[in-house]
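Given below, in the form of structure tokens, are the structures.
Below, chain A partners chain B and then partners chain C, in two separate complexes.
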Partner chain A sequence: MVRVKSRYLLCEVNVSESRDLLLLDDRAVAGAVRSAVARMHGDYGAALCSIRLSVKYLNVHNGMVFLRFPKSCYQLLWSALPFITNIESRGQQIPCFLNCLHVGGTIRTCQKFLIRYNTQQLQRILPKCKNAAEKDQVCQEILNCLPTRGSKPTYEGGSEFEDERE
Partner chain B sequence: MRDRKMKNQPASVQYSSPSAAAGSSSQNGRQEAKDSGWQRNPPPRTGWVRGNQRDGGGGYMKEMPKYITAGAFARSRAAEVKAMLKAVTKRTGSNHVFQALPKHMRRRAMSHNTKRLPRRLRDVASKMREKSLQAGSKKKKELPKSKSRKARRRHGNLLLEFNRRQRKNIWLETHIWHAKRFHMVKKWGYRLGDRPTCKCYRPCYRAMSSHCLLLDISYYCCIELQGEEDTLLTALSQLTSKETGPTFAAALCLSGCRQGSVTVYRAGQYPSHPLGPVTFLWRPRAEGSASRQLWIWAHPALKQDLLPELQRVCECFEAVVPPVIPVATPAESASTLESEPKPEVSPKAKVTPGGKRKRSRVDAGGPPAKKILGDGTRSPDTPVTWKSSSTGIVINDLTMEMVRYRLVGPQSHSVLTESLEAATDCDAGQSQASSLWWPQHCRDERKMNLHQQQAEVFKTLKGIYSSGEVPPGTVLGLTVDDPRLTLPAKKVKAMPSVNQSQEADEEKRRQLMLRGVPQLCSQSCLWEQSVRDNVTENKISEQELNRMRSELLIPGSRLSPTPLQGRIPILLVHQPGKQVGNDMSSWGAGWDLLLPKGWGMAFWVPLVYRGVRIAGLHMSLKRSQNQGAPHFPHDYPDCPAGVRFQEEQEAELLDKFKRRPPAKRTNYIKHGCLAPFRCPWQQLVEEWELLTRQRGDGLARSTTKPKEEEMTPQPDHTGTKPQSVFTVIRSRKSLRLLSAWCRLPTSRGQRPGRGGGAPPLQQSAADAFLASHRMSVAWVRLSLLSKGKPELHAMVCAPTPEDLKLLGKRDAGTCPQEPPHRDDFKSKTKRRKKGSKKGAGPLQSSDYPGTEASEPFVYAEPDLVLGVWPDPLPSITSHCSRVTLGWITEGDFSLSAGCGEALGFVSVGGLLNTLLSQPEEHRGKVLLRNPSSLHYRFAQINIEV
Partner chain C sequence: MAVFMDLNLMFSADRTRISKLLETAAHLGFSTVAINYMFEPTLPLQEIPVPKPINELIDQLPVVQGRSRPIRVLNRLTVVVSDPSHYRPNAPEYRRFDLLAVQPTSEKLFHAACMLYDIDIICISVTEKLPFFFKRAPINGAIDRGVMFEVSYSAAIRDSTMRRYTIANAASLTDSCKGKNVILSSAAEKALELRGPYDITNLGLLFGLSDGDAKEAVSSTCRAALLHAETRKTASGIVYTARSQQEAPSDPPEGQFWCRSELSIRVSDKNVTSTCAGDTPAAKRVKTT
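Entry: the complex of A and B
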């Protein structure tokens, strides 16, 4: 109803060497976005970046990033994302590009999309496995990540509540 | 809150970086090797932790994996899915269950009534509700669960609770009665009723002046002295002086038929170091014995000073440790008065003299809690008896051993005669060995004769018109029946029964009014500790009495025969009313009723049922004010107790003053009032001393007021002068002289015989008087000539000749005014407040308002209160446009006089100076100004002896 509205971009950081991915951290990503926007849109863009831009989530193992932009100007900011060619992190330049997978109004929708996307990826990887051990492992993971209790929302309470109180 | 909201949100998965330590927003350091299997679930507590959480200190390079395999890829995806799933499925934020429902399914008050929720959610909801209830009542749960009201109010438990509460403050026997009706205050270690909760100021005054007012003054401490008459008198004579009036040795008092009052000083130090006023009562002489018994009644604030002083003069330093086993106390063994057979103390009774004396119950199966009678705060082994081997005097502290009620008012004797009845003697036939004292008493013919005489006097008392007619201080001993037996069914107002019946009665009445009670009749069994204890122990409980009443054949009739236990020895002591001054003579006269302890409520309720008004401390203060008598400890600023009282009062008033916001307070500096909360008597007399000395040096011999410059004392003079403490004049001769000088020559009612002896007011006489009373203040009474109500700590000032001309015009509305003063401290206080925030040093001021005095004045005082002068006060006398003579200690609109009346002290030097400068017809006129007002009011000064 009445709230500050944002757009959340689910992006994938693509790197040539997967080891480099592990060097990333959220500040580096945010800095890269900021500098790209400033380069593309000048001071105006830099100012827009200072409003509410943030990196909400980063997974260094597969390069998933949640970026938050203000809703009023997300398209402008988004337009600068393709111009990121490398990210400087921990003193190293990591050549990469960002691939936007999803644009959502809440983090929740992004998370939902990410779940679907990941499961798809897992299913896609299964036939490409080279040996039986790998295949087993992937199968196991697919089974693991199936929703255990259905998709119904559960409530915190009970024991968790007590833990927190202590 | 944020933590709870974010606890299900997946944290970023990344390796910690050393560079990110400074204020990273959402860094979550995690140093786990990929092989070790990484976090499936981010742990709920660590999500979105601020700051860096390195444990290894940047060892991530080692642990970084070298390559990536399909398995690792899959694992990372799966883990992420899991984390996201958790985030998506779990509700975040508020833990209200109904928020999970879509809006159209929500209902009003769902959290109140779980039935309004869909059934699938009810379990969770009810669980949540319990949780929140517990969380809400967490603070209360800390307290031990109190018992139910019914259990708390059960008799035994209630007694236990009362006993616990009595450990800190002493309760009077009427405490519960008072606590239901009065505002109670803690004073002098007691819990006392201050004023009733109902509005009854005027009814109480009316009761005092026309009927009867009842006060419980059991908190007064009684100290008993036993010994040879001569040794006692020589010891006590050190404490008093004949100049202040009759001493302990006054013949009437010594015989035992009058109560006396004296002002006690430290041994041999009259006129300095006074202790305070006491009343005393000698036991009438018993035949063939030189040993005497003396009760000294003192205010509890005075007791802590008086008792050591008494011990010193009597050389009583051997404390007698009270024995626990019931044996005769040393006090009794020392007294040789027990020629008569002593009634046996019942073996059941547990007597610990002086200490916690507990009423033993007849039935052993009674509740273990026993009612505390007497002093509950004192431990039972505190010595209360001291004896001397050299002088043979025994001092006994009888605090709370007796109950003392004060009846004030002209009809107090009617109340007494109506509620009390002289004891009926028991039959000789009941001669079984009784442990009660009355049957044994009855056997003695001589004692019964005495009892008959006392009863006769008591009957005569009924016939007199007003309590004030009896000679002041008369003592009547009596034995009465239990007054509960004659309790009227309804409250009635005791009225006097004056009937001119017989000539013989008339003659007796006249005898009583002129001579008082015959000496023999002042004897009472209350003086004997054994009888007191016996009576206290054998009191019939209220419950028992009611049971006996219920067994009567005719309901509501009188219990007969009267139970043997119900005979109580009492003492009636007359209290003089207004003795000084010309008008309202003997206002406030009354009787004091002395009872053995334990019988307090038994007498209280019957007295209340005779239509008396009950008052507390506040009204007793007003009584003494109306009566024109100094009230202890308010009007004894030179006594240690008075000094303590002043300090307490100052703290209390200042606290009250500070409670208001500064803009709503009186600014006393602007009103030119230096000491609104406490009167600096010492400084006042020192300044006046200096002034008179300067004048004596031959400076100004004019009758006009000295100039301001002369009046300003030099502080270095006062500093070098040897410190002598100010005193209040109590010498009768000096007071009489002062009184004669203050009086208008045409004053009505002035007896020529008295005033004639005084020398006329002249400079030489005044100087001679001053020489003997250098550092003293005099207690005066002031009555306002025009409107106005004097308040506490109002200033008494000397009028200028112009003011007196104003008075001569008889123009009622005009009275002199004080020009407003400037408050130079205001800005400083403000600045200081600001400065204190910055940590600035002390401020300096070079001048002070009001006086154009010379010396620079530095104040580095810690607490500056806006509107009150900081501590080193400037010259008091010359601060205002009129010279200050003294202050008021009590002031109010007097209902008896119909104008404002005040009691206060003035400096003797200032008073004489003023009197000398005034013309004859305006002799004794002064100005009064309230601390919060700029108006001066004219008042007439009176010194009454």
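Entry: the complex of A and C
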């Protein structure tokens, strides 16, 4: 079987204020990536961007983004990502930066990584819990995350993690 | 597995800014960072800065992403040398810092920094067109001595013309040193100017580094720089002298002097049998010499 190969970058949008994340949408992120690539690599980069670049998934609660790049030129396109300093969304400039966490050949491996990563984040916030009830809730979430059987909606860990932090 | 390091976070007197920087660095997965104090002797009324103890800057060190340890914070001094008198070898002020870097501004000084100065890092200026070309001879000398070249990327993020200078200077450096002994660091003033280690690795490809060299530029080369800094403090990394607090009443200056004399003997002999000068009592130490 031959298929069209792509690379999926799992990136995290880091902002200084977490409420800015809620303004993001797919098109804004894709536009920021396109303009950064065009700025860095000129017309050639812009042309490569127009082939198969897409934003596959965006979680506005914790800023996780899946970007799809063609496999042949993903390193070139990736090298433009550090130069994104703000994303324009709904008429507002959001100062932020993209931090790449994982590069995968399929969405599935990225998803596995993301679940593991979010579990890790839960463990990180565990010592910061203020009272026992919060702590219990986080522990329960960690236990829920561990067996990734597919019966559970997969990205839930991420969104609940954000609720915990509030 | 090598851990990621960022050996250049700009110092600012603003406490919240520093703590924000450290938190972001820990979140991105940097295990070790160095806070950089710039020292430009050409500016009027400048004195060599004194590093602030880290517990004054931040209350609790954040835990590194993916590890259970808090982030390790070092101090580093960067001297911008535009005249040979600006770098003072063996200045006691330099000894307070964990890392010592210079930023030479002319070819002669670059040559001297590569071949003679007792430093760890040579900064390549990224905000202007390079006033000289890199020559193979001094660069090879620096590689032999274990001195690192540093390229910082945050200027490139800020401005388009700076980006051109950064890429041009970094590419010409990697041409001459063939990707060895290059470290990539942020020189970030704000938390939003930091980038993740994998992004920096990929950025290294723009600077002409190969895949492996680019990864080493944020991990093992940085570690080599730290080890080099330790050997600068000690004699070849073997003899280490420390002023012990208990012996203070009985003539400390003499004891200190004695330690130094032993240190020089060990270095000149190239005698690499391990000795521990720090914690043996004074009477025993006299016998061993």
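For the reader, a short list of remarks on this structure follows.
The rule is short, and it goes like this: the second predicted complex is superposed on the first by the 145 of 166 C-alpha atoms of A that agree within 3 Å, B and C clash if a C-alpha of one lies under 4 Å from a C-alpha of the other, contacts with A are read in each partner's own complex, and residues count from 1 in each chain.
The criterion applied here is as follows: a residue touches a chain if its C-beta (ideal position, glycine included) is under 8 Å from a C-beta of that chain, and two chains touch if they have at least 3 such contacts.
Everything numeric in this text was worked out from a predicted model, so none of it was measured.
Of the two partner chains placed around the shared chain by superposition, chain B is the only one that A:L114 touches, whereas chain C remains out of contact.
For chain A, the partner touching the most residues, choosing from chain B and chain C, is B. In the superposition on chain A, A:V55 contacts chain B only, with no contact to chain C.
Contact with chain B, but none with chain C, is seen for A:L122 once the two complexes are overlaid on the shared chain. In the superposed model, A:D26 makes contact with chain B only, not with chain C.
Contacts of A:M64 after superposition on the shared chain: chain B is touched, whereas chain C is not. In the superposed pair of complexes, A:L101 makes contact with chain C only, with no contact to chain B. By the document's definition of touching, of the two partners only chain C reaches A:T85; chain B does not.
Note for the complex: chain A touches chain C at residues 14, 16, 39, 75, 78-79, 81-83, 85, 95-101, 103, 120, 124.
Those residues of chain A that touch chain B in the shared complex are 18-19, 22-27, 54-62, 64, 89-90, 107-108, 111-112, 114-115, 118-119, 121-122, 125, 128-130, 133-134, 137-138, 141-142, 144-145, 147, 149, 151-158, 160-161, 163-165. Against chain A, in their complex, chain B makes its touches with residues 4, 7-15, 17, 19-20, 24-27, 34, 38, 44, 64-78, 80-82, 84-85, 87-91, 95, 97, 100, 124, 127-128, 131, 135. By the touch criterion stated above, chain C contacts chain A in their complex at residues 20, 24, 27-28, 63, 65-66, 153, 156-157, 160, 163, 191-196, 198-200, 202-203, 205-206.
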